[in-house]
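Both complexes below contain chain A, partnered by chain B and then by chain C.
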Partner chain A sequence: MTHAAHHPATKPFRKRFADAAEPYLYSAPALILIVAVMLVPLVLGISYAFRDIQLLNPFSGRFIGLDHFRALGQDQAFFRALRNTLWWTGASVFLQFVFGLILALLLDKPFAGRGLAQALCFLPWAVPSFLAGLNWAWLFNPVIGPLPHWMYAFGILDAPNNILSDPQLAMWGPIIANVWWGIPFFAITLLAALQAIPRDLYEAASIDGAGPVQRFISITLPFLAPTIAITILLRTVWISNFADLIVVMTNGGPADRTQIVASYIFTQAFKRLDFGYASAIALVLLVLLLVYSLLIVLLRQTLLNKD
Partner chain B sequence: MRTRQLAFTVAHRLAILAYIVFALFPLFWLLKVSVTPNDLLYSEGVRMWPSRATLEHYTFVIAHSAFPTFFKNSLIVAGSTAVTVTILASLAGYALSRFRFRAKYWIVALMLITQMFPLVMLVAPIFKMLSPLGLTNSLTGLVIVYTAFNVPFATFLMQSFFDGIPKDLEEAAMIDGATQFIAFRQIILPLTLPGIAATLGFVFTAAWSELLFALMLISGNDAATFPVGLLTFVSKFSVDFGQMMAAGILALIPACLFFLLIQRYLVQGLTAGAVKG
Partner chain C sequence: MASIDIEGIRKSFGAFPVLHGVDLAIRDGEFVVLVGPSGCGKSTLLRMIAGLEEVTAGDIRIDGKRVNDLAPKDRDIAMVFQSYALYPHMSVADNMSYSLRLRRSTKEKIASAVSGAAAKLGLDPLLERRPRALSGGQRQRVAMGRAIVRQPKAFLFDEPLSNLDARLREQMRAEIKKLHGDLRATSIYVTHDQIEAMTLADRIVAMHGGVVQQVGTPLDLYDRPANLFVAGFIGSPGMNFFEGRYLVSGDHADLKLENDVTLPARRVGGIESGEPATLGIRPEHVVITEGGALEGRVDLIEPTGFGIIMHVTVHDVPLKVFTLNRAMLNPGATVRLDLPRDKLHLFDGEGRRLG
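After this line comes the complex of A and B, so read on.
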């Protein structure tokens, strides 16, 4: 490209056209696939939100305008799911971030066997999500899992019961499974960002007499801030859409206490085969997530401009 | 000062050890259940290790179930997806890393939006689109769908690897008369091998564990991948947990192996991207 920029006048039209087309040629295969397999179905899916689509009903499919959204406005289960989504996403992201940051800081120090330790710490990420869900459901079951007995012994529980069937505590089950599964993602991205911080900054700060806490606050955190912001944004969106663990572990129960919007969509689509209504809910969730992302991006812009 | 340092080191190692125990304990439990004989499953449910261990679940799963077929299907699907995604993402990531062009902003926006919405929303439309093409109930259909789902993140990942490689390298080659594509293929790609390994492994693990679309698009045993197959254990063998966990452990092996091999490149690659900011 720079080569081309030196003498644009001498270039024949065909060469200039080829130069301009080059980036498009590189990205075309990926783009065509994304448009065909994701964007087109997305538009179709959005159109379903305004139609009566029931998979097993051959007479369905007509256009019904905003009926689904009116029904949604009356749907108490949906609003409960929305509140549960906030709780599920907030707690999961917060705990994953805190423990991910601690783990990244621990792994950032050189020590013998660090490669192995790092590999083992990151291993949960490789476990298929539904297998992780099944496995944690086992661990929480007092008949075949040790966790209720341990929690009873430590006085966290009054009796060694399954927290997944306790309406007050059930949400903690999937959250803990999710934290276990998702810490590596935060740790990997934060560790990468940590390793990019120039080491001499720390040395200079030490010479100036800064303690470890001071160094962390005035060097590490500012350097990590952009990574933290983008990772939290991406993970929030991703976790609000992530229904696997809840579907496998509690299926939204007991009494809908763990039903989040994503698992509610799943239930509508696969148990009731009502794809129209499921699409309408998904559309609302999509809009909420877009608004959230936009707010975060705007907030980041104003913060950056202030400096 | 010495003792403080020592105390700090000990605390550091203990914290790492505690986390490793937390990370591995659920996997250990999976292993424990898979070697527990059926008659001890509930009576010794809470013991750390059964008084009598057995490999019978493993031999049953390998010799008498459709699991080898599921395993082979998953290997084909995850392998083809990983290779296809890596090729497409290298090309697209290179374009985003090295060229300034008008549509770049829109391409990034499009890829970010694909990460936003619940994929459940796509199940019905994709089923309706693939079915007339004969791509439902086929491994090819799954590969196409998984490839599309994984390309956006893989593209960002590859872009960060390319960003970490100085531009002067291909500029020098181009002054010597090579086209940009030749410079890309012969100079830049070999330098990004760690990045390619990371992307391959990342996509392989993701495709290996996908359940939702495999469940919707595949109906027979012949084309079932292992997550779908694992669920058939629930119905067919009246929830034989021992066999199910044995199958789960076997299925974990390729994903974990792949992941162990690539995880350090994942950190490296993200670092390379971060350096350039």
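After this line comes the complex of A and C, so read on.
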């Protein structure tokens, strides 16, 4: 009898449990994968920032709270690297964008041999970054490269020296290499966006009385704005984390003049083997980039909502 | 307002010729409709007048001034596109005022021009919307509004109604006609819809294969088509044709068909007896009568509501008849027909009109 009385109660409970668990069970594989692949390393990495982890010291590893961040607040090298990062990222993104946009506008017009020109323009994108860095380092080297002699001939340099060893100019070396290497990214994405603009809008505008500049301002730019916002966001985050060219071309020198936060983290982690401190710096960079990304995403939303 | 003169206009895309020497003189305030089948070069001609296509050879004059080498913005014309080409990121009001803002008109002038055009087209409640939030018909009106806010020398329309449903097209057709009556602006209107052409035009330009076939008032083209192409293109259902040989006997003429049947024809000049000719008659001019000279076998009845289109076979030649007689919904197997002589059209072997 008890069994009979109990039975109708358990069945709905099991059923209720199954109903409640169903969505979680469906999403479990994806969630487990995300947690295992993305969150676990992230949380571990963040936890290093609050621990004393030095690779060569077997007694390190204890929890030290905010000590790393206090040290960071006093670290002049870190602040210099932060300023360099702004400079490196700002100049690289700006120049990549401007030249990428010009290239996209040129490639958008039909002309003989456009296919070949497009293929050639997108070539730098396929070059490995270390190879690009080495290549540009050689180009800037007066012993084997032509660039210092050309710049001297044009009066840009007082003498055909290597700008990579000039503390005032060294940052321009990796920036130029980075611009060369990154133009195709902007050119490709902006060209795709340009080609999605209906041609008859330009025709209507030219009949309405718009010249080339007015057509660019009132049609091309509004259509490109969302793409511009998202590509600049992506590139900024990516370039501020991108130390390959700097490590290969100047290794942060001369006298830390080209040290950016990303290469500083690299130096702390793999030269001084202080993983805890390197993680703390990385965490600060992460927070800064998150704030920046949030701002851009908000900007993009307002731009899109305006329509 | 201005006249537009087109002299010996040719156009080739690469080596592919599209227009073969078009001459056309459009008077100030005239409404001219370009009609023709798809691919005959109507849009190309219109776009050349607008300045959107290079002129391969010949001259285009607006108000007596040669404009071949002027940019579209310097020609002072307005155009309504088939796709409307509204600026999607601007409100309706901004779409309409764009050309005035480019010309740096004063705020008051822009406001009054926009509200005037909006009132004419019933766009007042929509001024703040984006084109995305409009129906096809409303977009069409905005495109018209954009054209009329600044008083241009001429309006160009490229199939502006072809994306609308039949009812709306009818309504907009009437509105365009009314607008033209108000504004009296020189207009060139491209369409392949012959009803639009007939109802709107002061003069119709019928084109085929990049060549102008006939220029004239709608009734000219309907009553006296210059050649077989125009005869077949204008009118719906299309004109009936019989091919044969023209035979003269006294003051009397006949057309002898392949199968030795003779049809009555008219005595006209410009053709010798025995030469090949084509006889044409519009379906609405064929008379169904007890004492008709021809016997037709009824193949098909198409009631249109207004009238009835009958497909019949006369001496093995298919013939369409349009009648308002409801009794013909249930005709017998055969009907007797007459082809009134004064309604016949005759064309010579090259397809040119005779008489």
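We adopt the following convention: the second predicted complex is superposed on the first by the 261 of 307 C-alpha atoms of A that agree within 3 Å, B and C clash if a C-alpha of one lies under 4 Å from a C-alpha of the other, contacts with A are read in each partner's own complex, and residues count from 1 in each chain.
As a convention for this text, contacts are C-beta pairs under 8 Å (C-beta built on N, C-alpha and C of every residue); 3 or more make two chains touch, one makes a residue touch a chain.
These numbers come from a predicted model, not from an experiment.
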Side-by-side fit of chain B and chain C on chain A, or clash: fit
Chain B versus chain C as contact partner of A:Gly209, first or second or both or neither: second
Touching partner for A:Ile219 - first (chain B), second (chain C), both, neither: second
Touching partner for A:Asp200 - first (chain B), second (chain C), both, neither: second
In the superposition, chain B vs chain C on chain A residues touched: B
Which of chain B and chain C A:Ala159 touches, first, second, both or neither: neither
Partner chain in contact with A:Leu304 - chain B first, chain C second, else both or neither: neither
Lowest inter-chain C-alpha distance for chain C and chain B in the superposed arrangement, angstrom: 5
Contacting residues of chain B [partner chain A, same complex]: 12-13, 15-16, 19-20, 22-24, 26-27, 29-30, 33, 41-42, 45-46, 48, 88-89, 91-92, 94-96, 98-101, 103-104, 107, 110-111, 114-126, 128-129, 144-145, 147-149, 151-152, 155, 171, 174-175, 180-181, 205, 208-209, 211-212, 227, 230, 241, 244, 248, 251-252, 255-256, 258-260, 263-264, 266-271, 273-275
Chain B-touching residues of chain A, taken from the complex the two chains share: 1-3, 20, 22-24, 26-27, 29-31, 33-42, 44-45, 48, 53, 55, 102-103, 106-107, 109, 111, 115, 117-132, 134-136, 138-139, 142-146, 149, 180, 183, 188-189, 191-193, 195-196, 227, 234, 237-238, 241, 243-244, 262, 265-266, 269, 275, 278-279, 282-283, 285-286, 289-290, 293
Chain C residues touching chain A - in the complex, by the definition given at the top: 50-52, 71-73, 77-79, 81, 83, 85-89, 98-99, 102-103, 130, 132, 146
Interfacial residue positions of chain A with respect to chain C in the complex: 198, 200-201, 203-211, 214, 218-219, 222-223, 307
